Amino acid sequence: MRTAHPKVLGEVLFRPMVLWVADAIQRAGIEHCVAVLGKGHDEVQAILPEHFAHVIQAERKGTGHAVLMAKEYIRSGGFEDVAVLYGDAPFVLSEDIERAYEQHKAQNNAVTVFSARLEDPAGYGRIVRGTNGVRAIVEHKDADEEILQIDEVNAGAYWFNASFLLEFLEEMTASNAQGEYYLTDSVEAAVSKGWRVDAYTASPDTVLGANDRKTLSYLNQLAQKRVVARLLEEGVDIPFPDQVVVGPYVQIGPDTRLLPGTILIGDTVIGADCEIGPNTTIRNSRVGDGCTIVSSQVEDSVVGSKVKIGPMARLRPGCHVGDKVKIGNFVEIKNSNIGEGTSVSHLTYVGDTDTGRWCNFGCGVVTVNYNGSQKYRTTIGDGVFIGCNTNLIAPVTLGDRVYCAAGTTVTDDVPSDALVIGRARQTVKENWNQDGKRFPKGNQS
Amino acid sequence: MRTAHPKVLGEVLFRPMVLWVADAIQRAGIEHCVAVLGKGHDEVQAILPEHFAHVIQAERKGTGHAVLMAKEYIRSGGFEDVAVLYGDAPFVLSEDIERAYEQHKAQNNAVTVFSARLEDPAGYGRIVRGTNGVRAIVEHKDADEEILQIDEVNAGAYWFNASFLLEFLEEMTASNAQGEYYLTDSVEAAVSKGWRVDAYTASPDTVLGANDRKTLSYLNQLAQKRVVARLLEEGVDIPFPDQVVVGPYVQIGPDTRLLPGTILIGDTVIGADCEIGPNTTIRNSRVGDGCTIVSSQVEDSVVGSKVKIGPMARLRPGCHVGDKVKIGNFVEIKNSNIGEGTSVSHLTYVGDTDTGRWCNFGCGVVTVNYNGSQKYRTTIGDGVFIGCNTNLIAPVTLGDRVYCAAGTTVTDDVPSDALVIGRARQTVKENWNQDGKRFPKGNQS
Amino acid sequence: MRTAHPKVLGEVLFRPMVLWVADAIQRAGIEHCVAVLGKGHDEVQAILPEHFAHVIQAERKGTGHAVLMAKEYIRSGGFEDVAVLYGDAPFVLSEDIERAYEQHKAQNNAVTVFSARLEDPAGYGRIVRGTNGVRAIVEHKDADEEILQIDEVNAGAYWFNASFLLEFLEEMTASNAQGEYYLTDSVEAAVSKGWRVDAYTASPDTVLGANDRKTLSYLNQLAQKRVVARLLEEGVDIPFPDQVVVGPYVQIGPDTRLLPGTILIGDTVIGADCEIGPNTTIRNSRVGDGCTIVSSQVEDSVVGSKVKIGPMARLRPGCHVGDKVKIGNFVEIKNSNIGEGTSVSHLTYVGDTDTGRWCNFGCGVVTVNYNGSQKYRTTIGDGVFIGCNTNLIAPVTLGDRVYCAAGTTVTDDVPSDALVIGRARQTVKENWNQDGKRFPKGNQS
């Protein structure tokens, strides 16, 4: 990977791999979790769900050694069964975790290995089945010709009977001269003690992990194709599917179109009949029906229906935008409520502001929310008209139907229905630029 | 499709499929057209060319039933021949419509079926040719081994002798237990009555239609590749062809380069030696030679030669931009004429304005075209210099060579050669911010 | 190509093909170079390194004729050996030029042909090896069955013994009825005179050239894939590798992520742990570690570490941006120094300005650097707070900790610690807009 960070933080569709696994665990209904972390564990802990316990594996001495670190957690928890999953294999399915558990209990197994049937099993440990369950897992390098024919491989996830697992962890010995302990040795240990071992055939994707950037990139592309296929089936119009990126949890209504360069991330829900893109990023936001969001960025915000945003606009976190609002080009909105039907068409900054309905912001309006030491809010009523290149210096309140003349700096509250104006009158000095001497370029015509 | 809209409105390269078909009909010189529409017919009518008649098919009872809806139109029109085309098969070629008609007349056919030879004909109705024309169309499910070998399929378009067609429509009976009427039955009807039927072998693309989003997406990608291949042959430089989208009617001069993220749509013509993109959308516009348009949006406008636009600029509808104009970052122009050589370099809105030649707009200029109830125009002469953060409150006229000082709000007309200024003089309060108490962050240095 | 420009100017990864060749020559340590140029030679000369001599080939009469144009250059230079390379075959490697030269000298060859082994050699001249070196190059059209089996082809680059080459150029005769002279004839000439000829097997890419736009496009994509593969190996995170374009000389630190739509060109160096993109173009710039550059454009600038740029910001040439600076949306910086920790968050133009550390620019600030005839600089101290919608009219100096009130136009220098303010006080006209008559749309609520 050539990374200074833990490998499990490598992202697939903008979500760290370890959280894909944590998500699957959570959806499978598993409540007690412990993460075995190594170098850089603080970074991983910081993003794991709060209820995850963690233990540190200071030395990297194999998968068995990793689970050994969690022995006290397992013992003190009094669990019946324990699932073991890799943090860098993001595509394990919660359905597989659940069904493997059902099989595990029904068969009363010591170990239930997740397996996968692969077209090309080369390199993977083979699942050797016997008359009653799995007999062994044979690593590729140790396999003879017959075993190399087996296309069922160890997918790298397990359910263990907790008693057996604790016993195995006590007794396990190093698997090789390097002093590494392998979890796969548990199969032989169980079989030799007369416990039952079986394999649950999971989705082939379970085996996919990332050990280098190229593979991580491949996982991204694979996940992207799957999300896009799901969206197309759900009625989303994506004329150029290779040019959009949509996170795994994003929901999009039918007849919404995604144009090239669209990136939808996190906990985002888009309504029906919208047009999103090109070149639009939306993160952790809700967007209603019939919206157009062109070449813009929206983050941590809620947008109503029939809203037009962009091109080249930005909603920073904390915006609530009502129906039929128009946010035009070169407009930034931050931590503000924008009432139904209000227009903020161009070159304007609205920050820390509560604006009523059917207002009109001219071009170049600035809500001056920061005085160098504190931030303040601006409050604007309904039907307010705010002229171009004006400053509203917060804290300030404009009543309903206030009319603010272009070029004004508003420092004090303005009552409803009032005109507010504050600018110097123009003065003209005739012939001051005669022959264009002050602007020679202007004489080219 | 999972759509609330008629399927034929699904877009290929930003053009509804039904208009691709209407375009082919028009180019083939067919003047009398009737559209058979179902649910959502209003939406389709709204975009069809005005001269299209339409009839409603309230129930979906097969292709024969659809044509039956148009019987009165056909009868009263007194046509000799009638072409029948599907609205969701966008790639039918006008050349094929014309050539099929020539064959149809030369052979004096009752029916001339458009056929296509496919590498994989599975699923399609096969064309069974006899000694004198076509004997039958056999649906895939009814075909025996011998017929399944036939690679010539029904492409889903027809020329009919009008008399025969009307007779067939009168006499046709339901093709199946569901009470559906199929147009393909016309072949058997014609043959049994001794009329001649033949097939015209059309482009294989004729068969392509979209019944789901995945296929619609495929049609987009196919059309994209064809347009790009045409442009490369015409001398357009497209280093990354998968990352541009160009509509079917767009014309581009040689040596123009299209960078990734470029979308050119509608009735757009771009000159030679331009650089367009990245991330630029141009719609229904003309652009001259030697222009650079970077990360910008241009719509319904005319741009001269050697114009520089962007990055991150926007021309809204109704702009006429002269040669050598510069429209810089964060600039919006709307419904305005910009004279040769004028610069509007940054953070400016020019709307409803007529500007002369070789003017210079400073940063933050706003043409205040809207007073809350009406929009007005701004008129600016040649060689005018407009200072930064100024407002020009329309209606207002600035003569030639006017020099407008930064920070001025211009409310009244200004004669040629004059300086106009209107701003408060600065006042200084010394030591007001001593020790940086008003801006604590500023003390970090 | 359908181009009005010399073909060798066709660009691969934004670099003209002829400069890829010039780069390889330079890295191979060859100091004396002459370019044989045809139509449009001025355009090529303008971009070639200064030390390249050039000669004009007025008529296009073959590769032998082209080298003939350089005869005087070769003779007068007194060189021992001469390499001949094509200007439109950009992928020749400097390593191959060097190793071929070593072989050329070791074998004391008259001609050392660069060869390539191709899976599909069709169309290329075949290298026919004998017992002692190469016997002949046989063009595809002249090859018999046996020779067509040869997969080693003439890659189109050569080392010549200078004496032999000059002799050959004197004596060569037209190769065909069209009066063209081919350099490949030199092989037969050398062999017949008893000189030794051999082939150096170079990278297969050596043969790749571009004769049409489609191939040029292919070369771009090939080069793109190679650069991306190199970056992935170096630890760069590129989740969607097909959607980024990175020039051949760009260096990027580990853990930096490139998002879709990123274009990095020229002499650009990006540090570690950055996030670049989406839709960001960086050209000829240095960026430190831990920076975020979103949907922005950076050109000819130097950016420190932990800098945040964008979305939708632009650094024009000549910027030096200190550590921890924030350049927000719709901000343009040009030819300016921005001190550590300074924020320029929105809708601001900073041009020709030297700004200290830990300053704060409000929204809508303009450094007015141009008065119509000259450009001037603005100087700003440390810890300065500049209010919204202000103009700083250059030349002007603000001391440390100056506090500039919103809406002010600063025309004169301001001493440290002072407040500067210049704006009209607001006036209120009550009931001026009663019933919303001045802004009817505002009554919809």
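Per-chain residue numbering starts at 1, and chain names A, B and C are given in the order in which the chains are listed.
Definition applied: contacts are C-beta pairs under 8 Å (C-beta built on N, C-alpha and C of every residue); 3 or more make two chains touch, one makes a residue touch a chain.
None of these values were measured; they are calculated from a predicted model.
Trainee: Given that chain B is a copy of chain C, what angle of rotation, in degrees and a multiple of 5, matches their CA positions?
Mentor: Here the rotation carrying chain B onto chain C measures out at 120 degrees.
Trainee: Regarding the chain A and chain C pair, does the interface count as same (over half of residue numbers shared) or different (under half shared)?
Mentor: different
Trainee: Rounded to a whole Å, what is the gap between the Cα centroids of chain A and chain C?
Mentor: 34
Trainee: At which residue positions does chain A touch at least two other chains?
Mentor: 242-243, 261, 279, 312, 330, 347, 360, 364, 372, 385, 389, 403, 423-424, 438-439, 441-442
Trainee: Per the contact definition, I'd like the list of chain B residues that touch chain C in the complex.
Mentor: So the residues of chain B touching chain C come out as 229, 232-243, 254-255, 259-261, 272-273, 278-279, 294-295, 311-312, 328-330, 346-347, 360, 362-364, 371-373, 385, 387-389, 403, 406-407, 423-436, 438-439, 441-445.
Trainee: Which chain B residues qualify as touching chain A in the complex?
Mentor: 1-5, 10-14, 212-214, 216-217, 220-221, 224, 242-243, 245, 261, 263, 279, 281, 297, 312, 314, 330, 332, 339-341, 347-349, 356-360, 364, 366, 368, 370, 372, 382-385, 389-391, 393, 401-403, 408-412, 414-415, 417-424, 438-442
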